[in-house]
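Chain naming follows the written order as A, B, C and D, and within any one chain the residues start at number 1.
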Amino acid sequence: PRKNAWPLMPQEYKRYGRQLILPEIGLNGQLRLKNTSVLIVGVGGLGCPAAAYLAGAGVGTIGLVDGDIVEESNLHRQTLHTTEKVGMSKVDSATFYLKSLNPTIKYVSHRTHLNPQNAPDIFRHYDLVLDCTDNPASRYLISDLCVLLGKTLVSASALRMEGQLLILNYPPRAPGDSSGGPCYRCVFPKPPPAETVVTCGEGGVLGPVVGVMGVLQALEAIKVIVDDSHLLSSQSETPSLLLFSAYGTPPFRSIRLRSRRPRCACCSEQPSVSLASLSSGSLDYQLFCGIANPANIL
Amino acid sequence: PRKNAWPLMPQEYKRYGRQLILPEIGLNGQLRLKNTSVLIVGVGGLGCPAAAYLAGAGVGTIGLVDGDIVEESNLHRQTLHTTEKVGMSKVDSATFYLKSLNPTIKYVSHRTHLNPQNAPDIFRHYDLVLDCTDNPASRYLISDLCVLLGKTLVSASALRMEGQLLILNYPPRAPGDSSGGPCYRCVFPKPPPAETVVTCGEGGVLGPVVGVMGVLQALEAIKVIVDDSHLLSSQSETPSLLLFSAYGTPPFRSIRLRSRRPRCACCSEQPSVSLASLSSGSLDYQLFCGIANPANIL
Amino acid sequence: MADTGDNVHLTVEFSGGLEMLFSNRRKHSVSLPKISPKGTPVTIDFLVKYLCDHLMKDSRKDLFIMEDNVRPGILVLINDSDWELEGEADYEIQPNDNIMFVSTLHGG
Amino acid sequence: MADTGDNVHLTVEFSGGLEMLFSNRRKHSVSLPKISPKGTPVTIDFLVKYLCDHLMKDSRKDLFIMEDNVRPGILVLINDSDWELEGEADYEIQPNDNIMFVSTLHGG
């Protein structure tokens, strides 16, 4: 993620001044942000705030993937989309907003549902990925791709009054290298039975609950991007999961997670998941997750 | 905060459907949101996300107080304002955005810096207050007014990589009633020496850090609004302070706070702070906070 | 909470929707015998069956266990650590342990 | 960490900017004598002076103490509770206590 760095323009010192003076960011961090490309998969309740704060911070290239259109029932929590955008592609609606917030960076639109065939070509162009989707099949697909292509993944989810956040494949190392961070399959080797999976449409979700998780995804992404070795080593020692519950006491809890699973189907020495198995269609994520009626998975 | 309730319009069932099905909200909660007015003091890094999620959730009336105009250096964190709004009043810029997100609720603009003379007449019209300001003088003024006028206050702050959040005067009881929640003076009876106060301009702040705190203010406001007695009683037992630190392990910590201070200058039986002392000008918040050069305090 | 006699006291928490299977309460105080009927110290494995038999009022047991194990998609946390760091189902319950069952969320 | 001999070990944390006065480190392991020179158990009061004399490299002592007390605008937390719930400066330090000093923030 570290391409050639050139100094900032005068306007950028003005725009980013309040974060440039932070010792954790500084000029080096700002240049890293500028030279990094981030893919946000899903432009809903998580993706909207995540995209807004990453654009605000000056991430050089932001890619947005979503095949859905804006619906009125999205607006209570997907606060980039506005009432007059109902019916428009979510990617277009979000890009319209983001360009008005920060016209100095690059936005790439992927108006599509993600699948094993189209995903590798999209993911290849980015340094870091945010999973802002809403179903298990896409979560496994995104994690597998991040391992196979060597990208760190910031993954979050929310439902009702609760949220969960974890950073996967951090540091991003080749399959079989036990010093790499765990992947989604390390933590969840088997998918949940389909009948236990509740969507936000069925279970509901409160706007600021999913909003908090999305903003935290942006924060973790920035931390990964500006990371230098000493921070990275201290963090990667203990992979962790952040649990949030609006009515919990305490509301936030940090959980220590396991490291890479020696027999993980994706990140171990002898993985059964490969780019070839993805493109050949031999990996059916919807079947794997027990989806009876395989519609668009994103 | 509970005025006459009338049922929702068909369009509102659609817009708020995903939160209406939450048992913690339901139709009663949605009607409470609709019939509540919230005052947001400060439309910066905290006020922007707080306002967006409260508007999204359908709070009936949102008042915005700010005397500042949008600057380019705000945009990395104050994500309601856009590049073309630089130079416009922050209140007008935010209102423009909020109306496009949710045109079905009422917005009230207070394009002014808050002071002891103008504040009581503004606060009187609201049920709940969010302190999204950036200096000690306004924090004491806002807390005093909330006690004197019987309003609960959701207060947050952020600097560099850290944030703090607390709910004050909850439940809101008359001065001298020890069953009321503590006020800002109970927790901080003496203001910090002026030379120890660092602003975001001087110390910097990361966008998603202040963003998380603002979203959490919206969440706490919604919880207070939809609260019914059993939740209220369980929460009011232990007033708490949420500490957030982006690089902390763990990042979030919940601190048990004291209850009302028996000799508090504002919420005790024999307070020295009163509406009369505010309007007469005998309370000088800037002098109290040791500000050498009293400019606009908000 | 201290131990009394032959029981071990612990806190059991449910989140991510699992609390709905347990009387809609997130936090439960649970008291187990120190020694299982088999004569061995009680483990998480024992606790899971105990919760299923005694604490769970909901009849949909398969939303919590599958083939005698906690079902896929539920994280078991022992004092805020993934149970895989602590010996999984064989972990022996200690007094005042906090055992949390979290159903993973997928919404966004 | 267990106690060794006549010392009491505790964790001291600084946040809200105070860490800048203490070598830019948020978390410190501190070992105090169990009994102060006055012959009484060590209190927070003792700890504050000890930190000022031994741990604080920064010369601007007035950013941490004022008139022999923690300055206004700093919250002192004993095991995640406001010290006013625990006896304030007179609280006697217990082994493995976590004492946190938080400077309140005002930005927004």
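FYI, a residue touches a chain if its C-beta (ideal position, glycine included) is under 8 Å from a C-beta of that chain, and two chains touch if they have at least 3 such contacts.
Which protein is which chain? UniProt says C, D = Ubiquitin-related modifier 1.
These figures come from a predicted structure and were not determined experimentally.
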By count of C-beta pairs in contact, the leading pair of chains:
A-B
Distance between chain centroids, defined by C-alpha means - subunit A, subunit D (Ubiquitin-related modifier 1) (Å)
39
Using Cα averages as centroids, what's the distance between subunit A and subunit C (Ubiquitin-related modifier 1) in whole Å?
31
For subunit A, which residues are shared contacts with two or more other chains?
160, 200, 203, 205, 247, 253-254
Run through the chains and report each pair that touches.
A-B, A-C, B-D
If you look only at subunit B, which of its residues touch subunit D (Ubiquitin-related modifier 1) in the complex?
42, 44-47, 131-136, 139, 156-160, 162-164, 187-193, 196-200, 203, 205, 210, 241, 243, 245, 247-248, 253-258
Touch list for subunit D (Ubiquitin-related modifier 1) against partner subunit B, complex
15-17, 26, 62-63, 66, 71-75, 77, 80-82, 84-85, 102-108
Residues of subunit B defined as touching subunit A within the complex:
11, 14-22, 24-25, 49, 52-53, 56-58, 72-73, 75-77, 79, 82-84, 97, 100-103, 160-161, 200-201, 203-209, 211-212, 215-216, 218-219, 222-223, 231, 242, 246-247, 249-254
